[in-house]
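Labels run A, B, C and D following the written order; every chain starts at residue 1.
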Amino acid sequence: HDVVIRNGLVASAFGAIRCDVGIRDGRIATLAESIPDGAQVLDAKGLLVLPGGVDSHCHIEEPRPNGSIAEESFLTASAAAFAGGTTTTVSFIPQWKGHGVWERFVDYKARAATGMVDHAFHQIISDPTDQVLEEEIPRLVAEGVRSLKVFLTYDNVHVDDRGFIRVLETARKHGCLVTVHCENYDAIRWRTERLLAAGLTAPEYHAWSRPTVVEREATHRAIALAELVDQPIQVFHVSCAEAAEEIARAQARGLKVWGETCPQYFTVTARHMEGPEGANFMCSPAPRDEAEHANIWEAIRRGTLDVVSSDHAASSRAFKVGADFSTIPNGLPGLAARLPVLFHEGVTKGRISVEHFARLVSTNPARLMGLYPKKGVIAPGSDADVILWDPKREVTITQSLMHHAVDYTPFEGMRVTGWPVATLRRGEVVMREGEITGRAGGGQYQPRARYEMASPRGITPNGFGA
Amino acid sequence: HDVVIRNGLVASAFGAIRCDVGIRDGRIATLAESIPDGAQVLDAKGLLVLPGGVDSHCHIEEPRPNGSIAEESFLTASAAAFAGGTTTTVSFIPQWKGHGVWERFVDYKARAATGMVDHAFHQIISDPTDQVLEEEIPRLVAEGVRSLKVFLTYDNVHVDDRGFIRVLETARKHGCLVTVHCENYDAIRWRTERLLAAGLTAPEYHAWSRPTVVEREATHRAIALAELVDQPIQVFHVSCAEAAEEIARAQARGLKVWGETCPQYFTVTARHMEGPEGANFMCSPAPRDEAEHANIWEAIRRGTLDVVSSDHAASSRAFKVGADFSTIPNGLPGLAARLPVLFHEGVTKGRISVEHFARLVSTNPARLMGLYPKKGVIAPGSDADVILWDPKREVTITQSLMHHAVDYTPFEGMRVTGWPVATLRRGEVVMREGEITGRAGGGQYQPRARYEMASPRGITPNGFGA
Amino acid sequence: HDVVIRNGLVASAFGAIRCDVGIRDGRIATLAESIPDGAQVLDAKGLLVLPGGVDSHCHIEEPRPNGSIAEESFLTASAAAFAGGTTTTVSFIPQWKGHGVWERFVDYKARAATGMVDHAFHQIISDPTDQVLEEEIPRLVAEGVRSLKVFLTYDNVHVDDRGFIRVLETARKHGCLVTVHCENYDAIRWRTERLLAAGLTAPEYHAWSRPTVVEREATHRAIALAELVDQPIQVFHVSCAEAAEEIARAQARGLKVWGETCPQYFTVTARHMEGPEGANFMCSPAPRDEAEHANIWEAIRRGTLDVVSSDHAASSRAFKVGADFSTIPNGLPGLAARLPVLFHEGVTKGRISVEHFARLVSTNPARLMGLYPKKGVIAPGSDADVILWDPKREVTITQSLMHHAVDYTPFEGMRVTGWPVATLRRGEVVMREGEITGRAGGGQYQPRARYEMASPRGITPNGFGA
Amino acid sequence: HDVVIRNGLVASAFGAIRCDVGIRDGRIATLAESIPDGAQVLDAKGLLVLPGGVDSHCHIEEPRPNGSIAEESFLTASAAAFAGGTTTTVSFIPQWKGHGVWERFVDYKARAATGMVDHAFHQIISDPTDQVLEEEIPRLVAEGVRSLKVFLTYDNVHVDDRGFIRVLETARKHGCLVTVHCENYDAIRWRTERLLAAGLTAPEYHAWSRPTVVEREATHRAIALAELVDQPIQVFHVSCAEAAEEIARAQARGLKVWGETCPQYFTVTARHMEGPEGANFMCSPAPRDEAEHANIWEAIRRGTLDVVSSDHAASSRAFKVGADFSTIPNGLPGLAARLPVLFHEGVTKGRISVEHFARLVSTNPARLMGLYPKKGVIAPGSDADVILWDPKREVTITQSLMHHAVDYTPFEGMRVTGWPVATLRRGEVVMREGEITGRAGGGQYQPRARYEMASPRGITPNGFGA
């Protein structure tokens, strides 16, 4: 073997097993009670051996129509990912209204190749023209893009019901998953106008502009239209009990509907948006309160929400400004902090098992995105993406540990127990004790083939279109 | 007393009481164990004495932008109403896109004055401009119009979420109820296009174009936006368990959300739309199947649906034509048949009590529309709108008994037990044994004042706008 | 007319109507816009005219096997009832284990005849022998006893599942309602033993001995067995959301299951049982907390709980003693305070309408007990049981206003708005401004005939026994 | 390695992975992409490699107070188990009323040692005396018995609520799981008496005697009392939606409540009990109908029911007789057929994945019984209990393939796709192509230590006893 990890507790989807892990040619070659040989030997005594994190929702190096580009590059994002135990990202190819997507895919794939993290892409659809749906998407699918992202809000990217239905229909035809940002566009616009007219412009009114009911409405609508078309969807960044309940109802009816949440939805509250640093905590859906944090944990426990991603979407503080809350850029940096924050709040505090943790950050997103079993599991034949995790190490989260491009972390000062000691990506140690040892360009594109979880059920009204 | 009704079983909201009813000056003056005097005496031995029907959802004499007018005039509609025991209608003032509403109100009020039935109006809002919302609606409210009707589907009249929210906001400000036709516009358009493209154009595919999920989606959305704005709504013509469940959930949370259904949703099925006479049974939402009929009865039993109106919206057979199902006029004539069909299916078949029947067709719509206690109850001081109803009389429904303008009834040939023997409107016998004895112009406009059921709860997100 | 009530707002099940009420021969003879004549005229200007309260759950003058008798006699109870606006009681004929019920009925009926309040009886069944079920109950039913009461807990009276099933079966056969005290006997015994063993003997541990889960368990069991046998039941004194939810689920399935609550379950908390006066607040189920009070209101609002009775079961403070909480007599005096406390908490605080209030304290219990429309409504032909109620009068509840035999009220010092000014029982003024003007022996026994609400649905497993 | 399994698709809890399996000293030593060496090599090309079945609910060789013993011996049961791919059983130590349990444990352990299958035991508690609970159970626990079984029905073994609570309390103290047969004893007795009195004595009336509501009642009660005591339970042999719903509600509240079902509850109907062979299909709960079969699959899909065991409890046809249905021995033989029937109905018919199948028959029961990861998974260090399974082989189930002692199978003639080709128990091939190659006495007792799933949550009412 090229690398042998000895004496660890391998905590993957099959529970925690004490065994050695042998790596050869970048893949897990062997799991055994004892593996003697190995060019490189890592002693994992006292450590957990976890599958590398899969962050299936993070915004990296997205170019905008005006030529500007998101601060976070694939290189800095890769460093942040490795620092936090993540080895695979699924980030977003933009679509600019009035433009196609193929050009953006080519450009974005080239950008991603400059980073270090393994990567796949969602294609955002903000302008679902016939050209895009009928000609370009088939080409993207042939290139291994298997998920389409739709926003039901935001001025520049939102699609209406007709556009959303057409994306669902196209995804169904070509075997893609659809991921959805669920908030009601018109409702938010109306509340925002009324708030601004009342002079309530500070960042904290961002939360007032988009209460839970607008998230619930859009969640139910997305589910209903997906049910009509018979297309699997994942609801992104669920922040409240009401939206989670809609997902749970859909799942109970047997629909292919999944729900994701993010660390900010069980750690950050609307009160963080008060005061001079308030803009640093703005994201959408808006942070809620402690009661909703508990609700989110309940939804995780019940399995309604089965993926915890970062929704990393970062701007440095200098850019977190605007005339009022409606013009301040949204999004929080969380690539590096995702696993430590979840481990601390979940495993250390006794809410979930280590095995459940591994599923939430790695196995489940890998499965749902069609990356499994290459990613998301420690098993013979899988990519040797592995974290050595010290469940007892206490660390205070601070900006310098995050390795991302932006200049703050919303988790600054949070003391957590549980921390990644080393990260291996395809058998290569790319992070050790906080030092990033990967090299630029080392990340691989992960094309995805048709897969079961994204396949329709074959159940449509009157059997028409099934 | 001008009129005394003797020996009947007075079945109003307070149960069935054996007493005499004394009428003076068009109002109920006296309920008593025995009333000796009376200029006119009606013997109700063996009969039920019921409050006159209030049909809070019927389309009468609506003018269209092209100058044409719906076949049913106020005069023919009044005859149909009296024939079936209905004494009050709430019909619809149209709005034509690009036009205001005040002119339409003036015109429509004049038309209504030519009929015989007492009447109030919903104002349809299909073009919620500032002019309409801010200037014209206050004038209408001052004239006693207290309900605004919104369509979430249909090419010519549907409003988008923004328009709907603005209507809700305006209704809230002025103390109006909002009534809603709940089906998802884009979803129906998409299904329709796909069906027509597949050559499925016959009337029966009308049902395929708008399955229950599109009704559920729009129902949930209407409720969510009403919850956001804090505005009471009534969901019109609920046809299926899924939509009823959304209403029940809203009611359980304490929202002011009510649900209506119509006789066609527990008697007509999608199969009626097959064959050469299929177009005669087309309405929206589309007729479902026997399982949904049972679900609707269950929702009535539980109180989720508390009003049964006709949604009378009729075209004669010669007009029930089109290039395909999507261009055939929707709507069924039901003004006259509403009470007999419900009584037979409900009371005669043992599903509901006589008292529950009276609430569904009279008391509840009167309360919800702000007409109570002038209408909807037999009590001292109320208008003397009374039906003498023979619960044992067997009748076969046929077109000649309907007295409406259009040339068929979808209930042709249905044998029912229970039939109105006489109808009194404000103390005047306007129907006796099927003969219409009212005179043209005898109907009164019923302006409505601000009322409790249409008042907001005062609960909004963050307390903003409460 | 013998009596005319003028100018009041008659708030009965049909809403609030401004009319006069004419009384003749102890019955409501006339409701009219205006009634000129009358031997006695009561001016109800500014007052509500309500149907007399029906307290369908109160313990009065129950004899015990040892020869002792509950403190509250029919005479004192009648005074308390009239003082609080109640004109009809349904109290309990005891059964002593090892004894029959016929003798007890004869004795109890004679006792009741000495009071002033109109009265009907539940027969407690604590020893369901063949003799009792097959021979004595038919005789009681012939005498107009139409409800059987079962305790699922309490050492001296509880029946096991077999006994309960036999009571249900017997009630079904003879057309009686079954009312049930739902708490799990063995669970309470076990908790009590463990608490006493741990030295936790003070009154407050009464609440610890019977947490909500024991009420929920017994409620579900009672419902399930009633469903098996196909027998209507009323669940007594629901104190918590969990039990109410079981009732709501049963109602949603269409079962004939009703739920009652009492004023103590939305005013008294477990904390009242702490300290030296703690025993004065002991009842079963035990008082809960403010969160459960809100839950009870929610269940009232939704109609899950549709009767508010007193469960008057009183002992003076000298008797509220024992070796530990398990030997202190249970029960609170509430006959007089029931209506004022509910009116204040419900109507004055804006939670329910006056009409809903009248249903909860009068119409609904009258209907459910088969006393309607003789009792429970102001309508021609009904008994002239009427309260003149001042909705604006502020009163501080105190023992001297209660008129009951026991020496305290748990509501001492509570300031309420809304108070009965006068009470009429069958047309006779029996209370005026707190002065009791009825005469001993004036109360009438109210035998009950077979009635619809207590009739089985005819739905049994496999149709066996239907 | 002693044994190497090559070229198979290893379908365990971590999904289906194509890898080789190396076995040494009876344990899984290695999982690797390729394992070259091995004393014995098994080619699994085209086969699934599954963890050996764990049947956590089967009745084997139970002695009765009268000296007779169940027909199925540990030797015949082992043959049946191996024939069907099961390598571990959890069977029942009886308790005879009036007797203790230690003697029975000693006797039963000796009997089990004569078989071939690995084995653990539930201890039935039918007479929960202080002696048994306080002295004997601790001794059993020290010997590795970690589950107590309670019957809520059956004349000879049922315990009342008090007995059940005491068992829960004892289990909690010593860290045992409690498993429960949930049907209401008194309700079944009552229905049985009424049926027999009506002359309805044939086997088919067994189903009439115990409708779903008696199962639901007991399930809810078991859950409520377990909640009161704070003790994890598994509800045995769930047969209907109503009972499954109670379990789902409990799980949604976070309680440690699990549900099991058996193949008969999705294959056998009440109609099988009609006719001369009807007695062969009698078991309790009784077989239901096709609608309930679908409900059971739905509950499996949702995870409410997560174990499928056999409830093997067999009598040959000569013993399946009685004066009436109530005296015919209950129980069906299913040890051998469990996996093939579930695989066919589940995997072959597309309802569940292979991975889900492995969880239902092996991983989940192993976890819940505290046998994991020694049993229930193919992972380094686990016992080498392995099935080679041909997912394509079509077999008609017939008695001669079952290898059990009793003389029939209820699945006779059922054609299934999917069949075990070979079974390994701790690395030894004990079945190959239907031939049993194990030797008597080869089975090992599996003592169990305290484990997480059986540990209380620490949540009790008022925190008392937590």
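As a working rule, a contact is a pair of C-beta atoms (placed from the backbone, for glycine too) under 8 Å apart; a residue touches a chain by one contact, two chains touch by 3 or more.
Only a predicted model underlies this, so the values are computations on that prediction, with no experimental measurement involved.
Visitor: In terms of contact pairs by residue number, which of A-B, A-D or B-C shares over half with C-D?
Guide: When the contact pairs of C-D are compared with those in A-B, A-D or B-C, A-B matches.
Visitor: Let me spell it out: compute each chain's centre from its C-alpha atoms, then which one is farthest from subunit A's centre?
Guide: Chain C.
Visitor: Roughly how far is subunit B from subunit C, centre to centre by C-alpha average, rounded to an integer in Å?
Guide: 40
Visitor: Approximately how many whole Å separate the CA-defined centres of subunit A and subunit C?
Guide: Here subunit A and subunit C have centroids separated by 58 Å.
Visitor: Using CA atom averages as chain centres, what separation in Å is found between subunit A and subunit B?
Guide: 49
Visitor: Any chance you could list the residues of subunit D touching two or more other chains?
Guide: There are none in subunit D.
Visitor: Is the way these chains touch best called a line, a ring, a star, complete, or other?
Guide: ring
Visitor: For each chain, which other chains does it touch, given as pairs?
Guide: Here the touching pairs of chains are A-B, A-D, B-C, C-D.
Visitor: For the complex, give me every residue of subunit B touching subunit A.
Guide: Residue list for subunit B touching subunit A: 160-162, 165-166, 169, 184-187, 189-191, 194-195, 198, 200, 207-208, 211-214, 216-217, 220-221, 224-225, 227-228, 461-462, 464-465.
Visitor: List the residues on subunit A that touch subunit D in their complex, please.
Guide: Within the complex, subunit A contacts subunit D at residues 12-15, 17-20, 22, 24, 27, 29-33, 251-252, 254, 298, 301-303, 372-373, 377, 379-382.
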